[in-house]
Amino acid sequence: MRLLCLVLTVGLTACGQQEEEARAPSAAEDKSVPVVYTVNYPLAWLAQQLSAGATSVEFPAPTGEDPAFWKPPPEIVARYQQADLVLLNGANYARWLAQVSMPANRLRDTSAGFAGHILHESRSPVHSHGPEGAHSHTKAAFTVWLDLSLMALQAESVAVALQELLPGQATAIEERLATLQQQLAQLDTELQSVAAQLEGAPVLYSHPVYQYLQRRYNINGVALHWEPDQFPAEQEWARLQALLQSHPAQLMLWEDDPLPQVAQRLAEIGIAVVVFRPQGNWPAAGDFASNMRGNIDRLRSQ
Amino acid sequence: MIQLEGLEFRYPQSTFTLQISSARIAPGEHTALIGPSGCGKTTLLNLLAGVLLPDRGSIAVAGEMVTAMSDAARRDFRIRKLGLVFQNFELLDYLSVCDNILLPLRIGRDLRVTADKQQRAADLAERVGIADKLDRYPDQLSQGERQRVAVSRALLLEPALILADEPTGNLDPGNKFLVLDLLVDYAREYAATLVVVTHDRELLDRFDRVLDFQQLNQWRPA
Amino acid sequence: MRGVLYLAWRYILWHRWKSAILIAAVTLVVYLPLGLQLVVERTATDITARADATPLLLGRRGSPLELVLNSLYFSSDYPQPLNYGQQQDLRQSGLVDPIPLYVRFHSQRVPIVGTSLDYFEFRGLELAQGRQLVSLGEAVLGARAAEVLGVNVGDTVLSSPESVFELAGVYPLKMPVVGILAPRFDQDDGAIFVDLKTAWIIEGLGHGHQDLTSSQAAGAILKTEGERIVANASLVQYNEITPDNIDSFHFHGDLSRLPLTAILPVPRDNKGRVLIQGRYQSNETLQMLSPREVIDQLLETVFAVQRYVLVAMVMVAVATGAVILLVFLLSWRARRGEQLTLLRLGGSRFVITSLMLAEALVVTLLALFLAAVLTALTITFGGPLLQAVVM
């Protein structure tokens, strides 16, 4: 028994360490080709698709971290500073960027082209102190790529940045962009049709990360703050019960598989669990397109 | 040692004339040249030294015809063969005692200050009693000491002929005998010829011979 | 000849005060026009080199000279600001890579330059110690700035308030020094570099304070009106950005409306340069300058003044030369007795003339040597000095 505990402890610790370690520069980080750093996986995937090996694409967030809130240590920031191109998501994503110095001319805000379409929600009370007057801190919703039409615009922005970086490959990038946008349009159409089947039925979200999904695909959802790896406290269940009175949802979208007992208890009150991965970080398997198709398939099967 | 023949010299725009038909000073002889101030003693000394050239006649010193020499040869002769001592010492105020003694070596052609010569300067200073003042400057010395420096300078290159123009003229009684004795003793020791212009009759018994310049000069004002 | 030089040297040492005055006079006569000429030329070269290395400059309409002096040489008053948004416009043009500049604050008298990392690359600045700026609130110092402030990597520098009466708004910000640049012998040596956002924080446009909803801030709450909270002056505002409080730092409103003193647009090619200049030609609020043209105008004035000064100096030199010649002639006459002595002792006229001229020769050589030393010193240290005066 003791031996088993020891093995488990060592094993878990090792796993923990693995998760906390930032990704080292990939073996593919080849200094002979331009180095592109991104702040999330969708952008890394876009850059990979569009440059097809002509750049070394790096997204060094540790697995298990939410890149939106991840704060890279100084040595990783230094790697970002030295990159030839840094692709940003915009919409106040990766807030650490506001706290570090970066070479502004090598940053590309991929959502700058649709800044007017960014969703905002008030985050803190309005307050005033000093001569500046009243102000409050608003929070932008950042998972823009879950609106696949916006992601297609991001792809365009990434393509332009890559064309500046690799002027000799402008035409090839243009061609890859066309293919990629076609692929995204296909997924968008599928998602639209699957979402249409919901017919405006109330839906729950485990976290407020599906704002763009909701807007683009007309989903009638309300967000909770439930963690996939935690069993919610009873008061959370009580709040859910109260919410169900006005919002009788029978479907709940989760970022990741919830604990089996959570899924079971939700099933008991008539709520089916659908895992819809936003894919902010590297997927365990497959790529963005295959995982998005997985999301669509899971939603369709409900 | 000194042989004058048919010597005639006149300064331009002056009536004074030096006229000596013949005169001779023997080698090693110590001669006093006396006469009143302004009678031409210094002029004769300058002629002997080759500083002035006569209008007529010849001057031979130590077997060399001074009047036949080129300017350069005469200067060389002056530095190497003559020792000159002046009434007002004629030391350079910006040189130390040692440098003043060594001065001929710095201005003469092909002459150098060597360790031997420096030793010779020190010996002379010792001999004239100013060994402890080699680093001093003329303005830090008494009149007697200054003339002793001048004497040392004159004797540096062991001259065969010493010409001294009123060497004791500016000295107190104690120093004037001292300085004269230094010259006489040297001349005796090195068998050098000594010609001293003086009007101090107290010193005349130190010389082998006394020449009265007024008798020597045959020119008489009209 | 060695003997003659020795005698001349002894003469000069004996008359040391007279010689010193002569040497000083000749030194100044030679050095002043030469030194001035060299310093002005060197300064002009340095100033021009920096202007040449800065193809374009965008700022608010106003004095072009003030804009150039502030942006390139970190001197002069800060010009009227333009918006950060102008930088985005420039970037979107695709013709230039803009580098923002906010040169307004100082630490003691050392200018604080708020910019982006692109500036370091653009100017080719390299670190001698420490590392590059990473986190907000950090500072990298030029070599001379570090020397003047007496700081090293690991120390801190404090921004100075703009005025002693400034009670609200600009609080001094304590910034850790994370790197010191290798000396470059230009204006970058004398500056403190911070991230643009750090410069805005110094101005109070961004700040960090206690969370108003936290219990620690309760004492600072003046009143709460629904969603609106009014805090009093006891609300703790951080005067240093640390890993613990960095998350509380934030900017209010639209970043694109925050101020810059200038933007250095680096054209991607010559065509881009011409096109972007054309675009701003008739802009009523902004001016796009070629710093070289502005500096050429400034230098024209400097050179005109220098010409007058040089003419005056040459006249003074001629007069001084005449006086020095007179001194030598009088000295020659005063040394007649000495010349006669040397002649009688057997010195040739050549030796005597050489001795008399050797004094002038040694004095002149010494003076020329001193003038050369002074000129070298002036070239090394005088350039920045004059530059400071000119600026």
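We just call them A, B and C in the order they show up, numbering each chain from 1.
Keep this in mind: a contact is a pair of C-beta atoms (placed from the backbone, for glycine too) under 8 Å apart; a residue touches a chain by one contact, two chains touch by 3 or more.
As the structure is a computational prediction, the values presented were derived from the model and not from experiment.
Taking the mean of each chain's C-alpha atoms as its centre, the chain lying closest to the overall protein C-alpha centroid is C.
On a Cα centroid basis, the chain most remote from subunit C in this structure is B.
The highest number of C-beta contact pairs joins the chains A-C. Computed centre separation for the pair subunit B/subunit C is 72 angstrom, with centres defined by C-alpha atoms. Centre-to-centre separation between subunit A and subunit C, using Cα means, comes to 48 Å. Averaged C-alpha coordinates put the centre of subunit A at 116 Å from the centre of subunit B.
Of all residues in subunit B, only 46, 49, 51, 71-72, 75-79, 82, 84, 86, 90, 92-95, 99, 103-109, 111, 113, 137, 153 touch subunit C in the complex they form. Against subunit B, in their complex, subunit C makes its touches with residues 3-4, 6-7, 10-11, 13-15, 337-338, 341-348, 351.
Subunit A makes touch with subunit C in their complex at residues 74, 77-78, 81, 95, 98-106, 112, 124-132, 134-137. Of all the residues in subunit C, the ones that touch subunit A in their complex are 87-88, 91, 97-100, 116-118, 121, 131-136, 138, 168-169, 195, 197, 204, 207, 209, 212-213, 220, 227-233, 235, 237, 246-247, 249-253, 266.
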